[in-house]
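Shown below is the structure under consideration.
Note that the chains take the letters A, B, C, D and E in the order they are written out, and that residue 1 is the start of every chain.
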Amino acid sequence: MVIEVSVEKRMESKARHFRLDAAFSSREQCVVLFGPSGSGKTLTLQSIAGLVTPDAGRIALNGRVLFDTQSGVNVPSRHRKIGYVFQDYALFPHRTVLENVGFGLKNDWPWRLSRDDRRQVMEFLEAFEISQLAQSYPLDISGGQKQRVALARALIRKPDLLLMDEPFAALDTLLRVKLREELAKIRRAFDIPMVMVTHDPEDIRVFAETLVIYEIGRVRECLHFLKSDGTDLEEVLAS
Amino acid sequence: EQEIIVSAAASLTNAFTEVGKKFEAANPGTKVVLNFAASGPLLQQIEQGAPADVFASADQKTMDQANEKKLILTETRKNFAGNGLVLIVPGDAKTSIKALKDLTLKEITRISVGNPESVPAGRYAEEALTSEGLWETLKPKFILANSVRQVLDYVSRGEVDAGIVYATDAAVAKEKVRVALKLEKHKPILYPIAVVAATRKTDPARRFIDFVLSEEGVEILSKYGFGKP
Amino acid sequence: MTQTLVPLLLTLKVAGFATLGASLVGVSVAFLLARVRFRGREWLDAFLTLPLVMPPTVLGYYLIVIIGRRGWIGSWLYETFGVTLMFTWQGAVVASTVVSLPLVFKAARSAFESIDPNLEKAARTLGLSEAGVFFRVSFPLAWPGILAGTMLAFARAMGEFGATLMVAGNLPGKTQTLSLAVYDAVQAGNERMAATLVIITSLVCMAVLVFSG
Amino acid sequence: MTQTLVPLLLTLKVAGFATLGASLVGVSVAFLLARVRFRGREWLDAFLTLPLVMPPTVLGYYLIVIIGRRGWIGSWLYETFGVTLMFTWQGAVVASTVVSLPLVFKAARSAFESIDPNLEKAARTLGLSEAGVFFRVSFPLAWPGILAGTMLAFARAMGEFGATLMVAGNLPGKTQTLSLAVYDAVQAGNERMAATLVIITSLVCMAVLVFSG
Amino acid sequence: MVIEVSVEKRMESKARHFRLDAAFSSREQCVVLFGPSGSGKTLTLQSIAGLVTPDAGRIALNGRVLFDTQSGVNVPSRHRKIGYVFQDYALFPHRTVLENVGFGLKNDWPWRLSRDDRRQVMEFLEAFEISQLAQSYPLDISGGQKQRVALARALIRKPDLLLMDEPFAALDTLLRVKLREELAKIRRAFDIPMVMVTHDPEDIRVFAETLVIYEIGRVRECLHFLKSDGTDLEEVLAS
């Protein structure tokens, strides 16, 4: 993929002011945004997805302009073809696992899934090894299972890009290792480019092809590991 | 099928309920809806546009006000009944009141009368007590009610030690209240009735008034203790 | 029997329409206030909450000023269509709607505001339009809160007394709801009637409470 | 002037005492229900919430049955002390207390329940007794919610009409609160008086709303 | 210290049943309870602090019996002399940092701190390098600062034992390393025994003298590293 991101956004609240002014670009398949919490990583991700409107900037994916203040373009979130896995997964609590995964397949009234759509959902549930949870509600399933449902729900719409916000932060250390491997496998199987937000160095080791290091409100460095421009991952992490 | 609304003074509750039924029997296809309250509030309702067709008040003053405000058809106004004023005490009361001035006794702590601002029975009571020079003296004991029937209710439940109501009211609740004495020094109590000016049902309204004034109507009224006008 | 049945049915009719009206207005404005930031937002909230803290008789007075035969809207209605809301069951509906509006409105607003915004965002990334987000995510998630508010509004509308008395009067069979009939029966010293009405009303209220709780 | 001042002062007195009573009972029971699990817990909650959904005239009826001169408690009070609450401002306080109790109670219960239990646990590990935990942690943290409920209760008590009318009557200078005075003035066709009273009441209600919001 | 813990506790809720039946003992200064979330570690910690009453069992610290169903002993939490640092720190949001730290110093009415007490609080704030936050409210300080306030608040009462529930879980990975070292230093300075709950293997490396490994509702193993009984830490972690 080719992704170009440049966003400016002021956030004002009673307690504090925050200003994000971040830009990066990548031609690799896996971009990791790394930095302390509150540095604007999630805000960047939501800008890419069209969930937040930056004050100024430009966002383009594979040559398609999604947002540009200069030319006045702002593609609504629902037309961006971008999958988003939220930090807390944001599963619909009033829908079963099956309904969650099929949620985005049919978007006009009366919202009932066709037989074909249902079959596709079932295939996805099987591929993600959650068929047995089809009729369960999100409240009753574990954190690792939730992550798979959220992933399946995003991927079933065949998005051009997958955004993931701290996908492992809510999980036990023990579970984290396992699911990290699984995600890497799934990503390869679907061959989908990804932008991931994390503050865990381990995620960088496993996923980063491009590494964007954030500090409060801005990008400190943007490193490209696949270009073999002499940048060494372990060196970066040690610093 | 048509319907007339009769706004009538609270003291007419029992009598007019029967009058209404008899009228409906005599005039098939006409339904009577009865709206009872103190005469003052009834006048206010009519002024605010209440869909009343006939107005029967318990005193001349309220009807005069209605007339001044052009709320009734003047030519339809007739007096149709008379009444008396009595002092009642709860049926189980131990105190005995032989004259109005006994109301000043210490054991009589609460006396209910209609609010003279809006309740005709209250105005008659004020007159009667004032002429005995007792109104001002008794004022601290008064429990002012929103209608004469509320006075009756307070006395029947024993919430007050005495009350002033119409003779016909006392007769309705014979088992619960006792008439201690009759009051006399007040204007004669005459009930006027008239068609409401805003009505679109002048015909049945006139017919209802005619029925009230008819022999049958007078008979029902006298059964409930009302006198001839 | 009919003496208690008629006010009961009338009460259910008036409270039903009032609840419907209050819910439609209350839920829409609540959603607006929960999602859109505009000037005077909190003033609108305060204005709609006013009936909750205002004496019903004062509301009755305002309603008379507005929809009375000589009122702003009332005189226009009368002159144009020859109708008046005063002393009609429709007038009782208006009074009850105003009185019960804050209960739905407040419940709906807090229900909408307690929805995790990420759920609505997730729906957007899944291709839903704003209307789709409302009907498939926001509304179903707010539903338990809205329902509870609606039940309270229904109960409040059933019990409305002061404003209804002033606007709709107390006409048996036309505007005399249970609440007014109880008052009337007690006034008239009709103890059996009063007791019957009180028991019926209590049962209905308890049912509402159990359902909404 | 005095014609409006007297009911205003009376209203403030009645509403003040009623709010005090409702707050003391409401907050204690709310804390009990939020912290102690016992049988019939939710029944007690429903019972205390009943006045919120019950018509004020029905409450008035029950109060007459209980504190009327021939009521269960009323007859005892009268025979023992020679006092009766009917037609007194104290009776109006009782009616307003009952009517406004659910508002404080509900607010206080949800305020207590939304306190992070770890804060109370932390206080215990820091050596606080249960009373200390209540006065230094639970109560201060629940205070904003309790205050909002108390303000609503005050407003509700100020506006009480139906139950007060039945229990305390409508005695000018004795039990005639603003809400009743408005009704009276409209009934008697005293338009200027009605308008004055309505404006005063509206201002007081808006002030309450602004403070509680 | 000498600590003996043996607790049984049933928890029932609509959705699930949970039964804890755990026992361990130690003569070392640093006990780490390790295991997946939901395995009963926090419940054990709260039983030791007297915040939860077990259905059965016995808890003794340095020979003092705090809880014993056989003899009917149940010392109330406020008399156990045990400091507790909650996972989310549980600072009092209506009190300043200074008031939080001094909260447990004076426990009878009128709760005003004496001049001596105030001086002591100020000394603690300085020792924990948070003097500049004395008048701040918990809402306005960072996660790392909150942890120091919580520690200071617990230690100022000179407890016999310090309990810590996942002290670093709420922090950034970057901050975590720094605060872990700080805590180790503070623990040595105050010379206070500690029981810590965690699911991060790194905490074991830094703190564990006794390691109690939990699985759902029970203790799988209890290992003593200082006894040099042949147990090797790295071996355990690798398994």
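Methods note: a contact is a pair of C-beta atoms (placed from the backbone, for glycine too) under 8 Å apart; a residue touches a chain by one contact, two chains touch by 3 or more.
Chain identities (UniProt): A, E = ABC transporter related.
All figures in this text were calculated on a predicted structure; none of them were measured in a lab.
**Q** Please tell me whether the contact surfaces of chain C and chain D are same or different in residue numbering, using the over-half criterion.
**A** On the two sides of the chain D and chain C interface, the residue numbers are mostly the same, over half being shared.
**Q** Working from the CA atoms, figure out how many degrees chain A turns to land on chain E, in steps of 5.
**A** Rounded to the nearest 5 degrees, it is 180.
**Q** Measuring centre to centre, with centres taken as mean CA positions, what chain is farthest from chain A?
**A** So the chain farthest away from chain A turns out to be B.
**Q** Which whole number of Å gives the spacing of the CA centres of chain D and chain E?
**A** Those two chain centres are 45 Å apart.
**Q** Need the CA-centroid distance for the pair chain A / chain E, whole Å please.
**A** Between these chains, centre-to-centre, one finds 36 Å.
**Q** How many angstrom between the C-alpha centroids of chain D and chain C?
**A** Centres of chain C and chain D (C-alpha means) sit 22 Å apart.
**Q** Note the residues in chain A that touch 2 or more other chains, in rising order.
**A** none
**Q** Show the residues in chain D shared as contacts by 2 or more other chains, in ascending order.
**A** 64, 186
**Q** Going by the touch rule set out above, which residues of chain B reach two or more other chains?
**A** Residues 146, 157.
**Q** Looking at the whole structure, which two-chain pairs count as touching?
**A** Every touching chain pair, ordered by label, is A-C, A-E, B-C, B-D, C-D, D-E.
**Q** Within their complex, state which residues of chain A touch chain E.
**A** Listed in rising order, the residues are 15, 36-37, 139-140, 172-175, 199-201.
**Q** Could you pull out which chain D residues touch chain C in their complex?
**A** 42, 45-46, 49-50, 52-58, 60-62, 64, 152, 155-156, 158-162, 165-166, 178-180, 182-183, 186, 194, 198, 201-202, 205-206, 208-210, 213
**Q** Help me check something: in the complex, which residues belonging to chain D touch chain E?
**A** 116, 118-119, 121-129, 132, 136-137, 140-141
**Q** Help me check something: in the complex, which residues belonging to chain B touch chain C?
**A** 5, 13, 33-35, 37, 45, 48-51, 146-147, 149-150, 152-153, 156-157, 173, 176
**Q** Can you check the complex and tell me which residues of chain D touch chain B?
**A** So the residues of chain D touching chain B come out as 64, 68-70, 84, 86-87, 169-172, 184, 186-189.
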